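Okay, so chain A shows up in both of these, paired with chain B first and chain C after.
Up next is the complex of A and B:
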């Protein structure tokens, strides 16, 4: 593959002027994409005076980690961080499990009523009850304002079932046959043989789930009035969008602290954005190949 | 056991197998029944006067009101504005955003493979993985009266603009941000299609005297034409599904005139306002429209290309 991809460019080497123009455009696109992040980062570490005067554009002016000092002392943020970890780990595990359980039976050719099951799975992909009936249901089930409200409703994804099913059909039949000859049940076959060799597809699903749950906030907005249960994104929502949390009042001891008073709200907001987004920015280049794999698999017709 | 089932012969398929398989699927089937099919049934409250605490699962003690909530919504003061905004915001995104990933992938295809190309790709995908809340927080701070955009405007001698409270600017802010967030990731399918082009084609074209631009026009672009076509059809199919989750984050009451879409209205008035029946009716209305559009798109796609969702 690599050599195929390299070749066209080799052949197509043309005028150096064109090259320079193309690379310049690509560089500008990079700048447009990355500059907002860069700006937020340099603003968060510059000295408060320069930030207040909006003097920071290309590089940090002065150096001050005061905003980060305040943020790491913020109990509410750590609380939200740990909630997010719970939501991400439980949600990802359940998502993978349900995808496997839903996908395997569909790969068995002689399953009775397979057509009906497939229709039953596909209908919710295109049509749903909508926000309010779901809200009322979560209320009726007693999940409202509990952690389960953001974990359980989202734990089955038809999309994931389709991806896993597609992978399962590539597993040679001989492997299954020999397991049956050894007297294995379907459940044993699934957990002892199929799941261990399905790690590539499970990795794709797990990473999509992790990022999806890490970034989700709307379910929490709808189902979790209790701030103690809020995930990180909801906390961020309160800070940077609703502005209902005054970061300067994070800790009463610091309220009179001169440094804290000098910090502008915007710097604190930027610091908290950086602090909560860095895990994604740093880990994502390593996971990129799984994302691309998922995107390409998903585009194929099953 | 080993002796009974002879190698090479297909194992007979028993009822026991079916029972096992359905038991394996049971958690998924039950989950879908509860969290997908019961809410679908819950749509009946769109035709009732539902109030909290009333059992919507039973037909007893319900006051059916027929299409009252739909008619109220159609005749309501916001109907025209909501439909217009929902359509326009998706339309702007389609018109100004659809071609960006195509041009971008053609550009990337012209770059030599190496660290720089990898870097450009990785950088362009990044916004896709940043949460809506973070993007909204950044945008809101940039467009603030004392935000960076106004600082730059002042540097060039202009006067600050109230970008976040002036309705006229909202569509531009929404569209630019949405394109910024998605163009890189959307280019993946195009790049994949282009990478499967036979390099000999380029060589042959070069021998025939085709320059780089002509090679792009006659080889690279045709190779992604089916992908462009399919994605365009489905983009048209989603012309009434503006990203309300993101709008909810960046709008405010002062820009409702151009920012309020059906999804945000449904959340605000239906859910927060407690108008559950009306909200369900609005939700049903929009999902019927979206489904119809998707159906038309799918039919067109099946007719003109080989690809169809179902």
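Up next is the complex of A and C:
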């Protein structure tokens, strides 16, 4: 029955002026968000002279892939790339595993002193030992200058444990009890029942740690003097730092070398930024929905 | 069943990843063997820790392919040393050395501690982490170290002797001479675009007023021809280290060393200071001084230069690195110190012909101190100095008609890395190998325009002058002096820089001068000058 009666609650559509305003606002916001990315990309492909003069704003001036050529040909970059992959995959796996193993006991009802443990966990969340004690620890454990130095200290995240614990407490008790009645042990319960239904929270943790580890460089700076173990971000850090030399502090001889270095690096850093961020940008759309979930998870407790 | 399989699989995956890590992590510890000479009967092993060089093409890890390294390697073997290098990427070295020295664990025998400031180093020395070198030199040296430190570089001891009379580190030593005898300082001058002057038929300015007029003319007549009046002077008004301040007879920093008169001065107390600010105000008012670049980074200034907008900037008179970066090319000419105020002879700003920098120390972990001294005896030999700075005769350098050494230009670093014709400096200088350099002016002059060369020759004997590296003339302060200095400088520097900039921009009036001076005094300017005077006196008293 096609009725022509107007629905008074219907949102009015078709006002062109409002549309234009909304689209303009959306466009401006998009521009503000995307422009830095765009800027880096056009800087990385423009001709080096224009880049050095900072003349590139809206579109690439000249065309030159020399910087990319330099990077792709650099064995160190590929080393760094493969290292980052190792750090990310190992770190993420361990992070998830530790979070689950740490969180589950804290949800077992008749575990004595459970509350104390939770309270105790909060302390290191707020207070750290500082750089030198951490360094001493890593060194004495024999992790210094090995890949473990960046993987193992970051393995346990208390924040993740608390997130997972909160999620676990939302799982109905009936489910666990029925498993016990069927004769399951705690391990069976955890791995066969709880983990399969906890995929959303694990995905969230996984993404947080993937992005976190992908972007981290400070641990490598402190603990990994061997450049063959450096992750990608450390490689980027080195290019950027190398450039910021105070020429006034140098003698005439050294100033010559520093200027040459500075110029060759100006464009290089943009190309490397593109190279290092692209993989993460590409994975983002696939994981986006989990990110939103992640922001909400743990925010409500029954 | 399936569930079990799946968890088993993921566990196996985890194990696999672990396995990969172990394989990579364990095997790749970066320790490279240096020379290995079996025939020597007493070979001493030393562990050295330092940063890698910054050259992208000429790398220490590929040293074996360079003829200059073969020569150095021979020297190491002759000294009966077997060196084990641990080189950390130089961008990372500061952090690594700071944490490592602070924790005092896993130390090498010889370490490059240039990244640590004097306080940290002296504290480490107090804790016994670093050894006092004087008794070791007395006991073990073959005389090379003393010869370099006492005869060739008489200034070296003065800047590296601690307040307690001990010496905790060796240094890079550099001297530049002309005609094999005269010390040759290079100057930091205001540079002006000579090609623009020629294009617009303007004469080279000979006093400060003409300089201002010339900059105005370059701007008004659109010297770079882009249709805009954007030709500027880059000058940092917050500090006194641009050469214009010296035209008014001012020192180069809040406190500056007057080397000839052996006194410490402060520009704030000097006669030309008010005229200096009046002059800067004029430069600002006429729009020639780019105020947006006050306090800018090197990169920002470089952009302006590349954009072909810089008419004048302060830099080394013999620089050749700015011109190639200008879009469309150009030519900078250094100006003589220009007469700027009545009764004041304009001063020059010079880089001292003797430089002492970087720190290389022997740690408490060193069991064979005799070998460590042998290493430094090898470093402080003329043969090594030659290899480091000049390389190999016929390959990297030759002698000109007067017998002075000049480099053979073998092309860019990239080409040099291919041909192997490099000197020691880019290959191993500043890593764990100190730099000992006998530079000469002859080569510098051969590579620059006539205008620059003439300027430099005139500057050789120019007086009065101030130096760009005041610290090179001050002895190392003791704890008390250092604490006071740091305390005073934190606030004083900020105030001085703000005040100088505001005066230059005309935001503060010169009429309230006495207020500013009393504020500077309150912040400890007099006390600071007193401390620096003490340090200068001690510097001059060290034999």
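Structure notes:
Everything below uses one rule, namely that the second predicted complex is superposed on the first by the 230 of 302 C-alpha atoms of A that agree within 3 Å, B and C clash if a C-alpha of one lies under 4 Å from a C-alpha of the other, contacts with A are read in each partner's own complex, and residues count from 1 in each chain.
Here, a contact is a pair of C-beta atoms (placed from the backbone, for glycine too) under 8 Å apart; a residue touches a chain by one contact, two chains touch by 3 or more.
No experiment lies behind these values; they were computed from the predicted model shown.
Shared-chain residue A:148: touches chain C; no touch with chain B. When the two complexes are overlaid on their common chain A, residue A:40 makes contact with chain B while staying clear of chain C. When the shared chain is aligned, chain C comes close enough to touch A:93, but chain B does not. Of the two partner chains, neither chain B nor chain C is touched by A:201.
Touch criterion met: A:227 reaches chain C, while chain B stays clear of it.
Contact with chain C, but none with chain B, is seen for A:192 once the two complexes are overlaid on the shared chain. More residues of chain A are touched by B (comparison of chain B with chain C).
Shared-chain residue A:277: touches chain B; no touch with chain C. Using the contact criterion defined above for the overlaid structures, shared-chain residue A:49 touches chain C, although it does not reach chain B. Shared contact residues on chain A (touching chain B in one structure, chain C in the other): 54, 131-132, 135-136, 139-140, 222, 237, 241, 266. Listing the residues of chain A that touch chain C in their complex gives 49, 52-55, 83, 86, 89-90, 93-94, 97, 131-132, 135-136, 139-140, 144-148, 151, 191-192, 195-196, 221-222, 225-230, 234, 237-238, 241-248, 251-253, 255-257, 259-264, 266. Touching chain A in their complex are the following residues of chain C: 3-4, 7, 13-14, 17-18, 20-21, 24-26, 28-30, 54-56, 86, 88-92, 95-96, 99-100, 102-103, 105-106, 174, 186, 241, 297-299, 302-303, 306-307, 316, 318-322, 325, 327, 351, 355, 413, 426, 437, 439, 444, 468. Remark: chain B residues 1-2, 5, 7, 11, 13, 17-18, 20-25, 27-29, 31-32, 34-43, 45, 52, 56-57, 104, 107-113, 116-117, 119-120, 122-127, 129-134, 136-138, 140-142, 146, 148, 151, 180, 184-185, 188-189, 192, 195, 197, 199, 202-203, 206, 211-212, 215, 245, 248-250, 266-267, 270-271, 276, 279-280, 283-284, 287, 291, 294, 307-308, 310 touch chain A in the complex. For chain A in complex with chain B, the residues that touch the partner chain are 1, 4-9, 11-12, 14-15, 18, 22-23, 25-27, 29-30, 32-34, 36-37, 39-40, 54, 57, 98, 101-102, 104-105, 108, 110-112, 117, 120-124, 126-137, 139-141, 152-153, 155-156, 161, 177, 180-183, 185-187, 190, 211, 214-218, 222, 233, 236-237, 239-241, 266, 269-270, 273, 276-277, 280-281, 284-285, 288, 291-292, 295-296, 299, 301.
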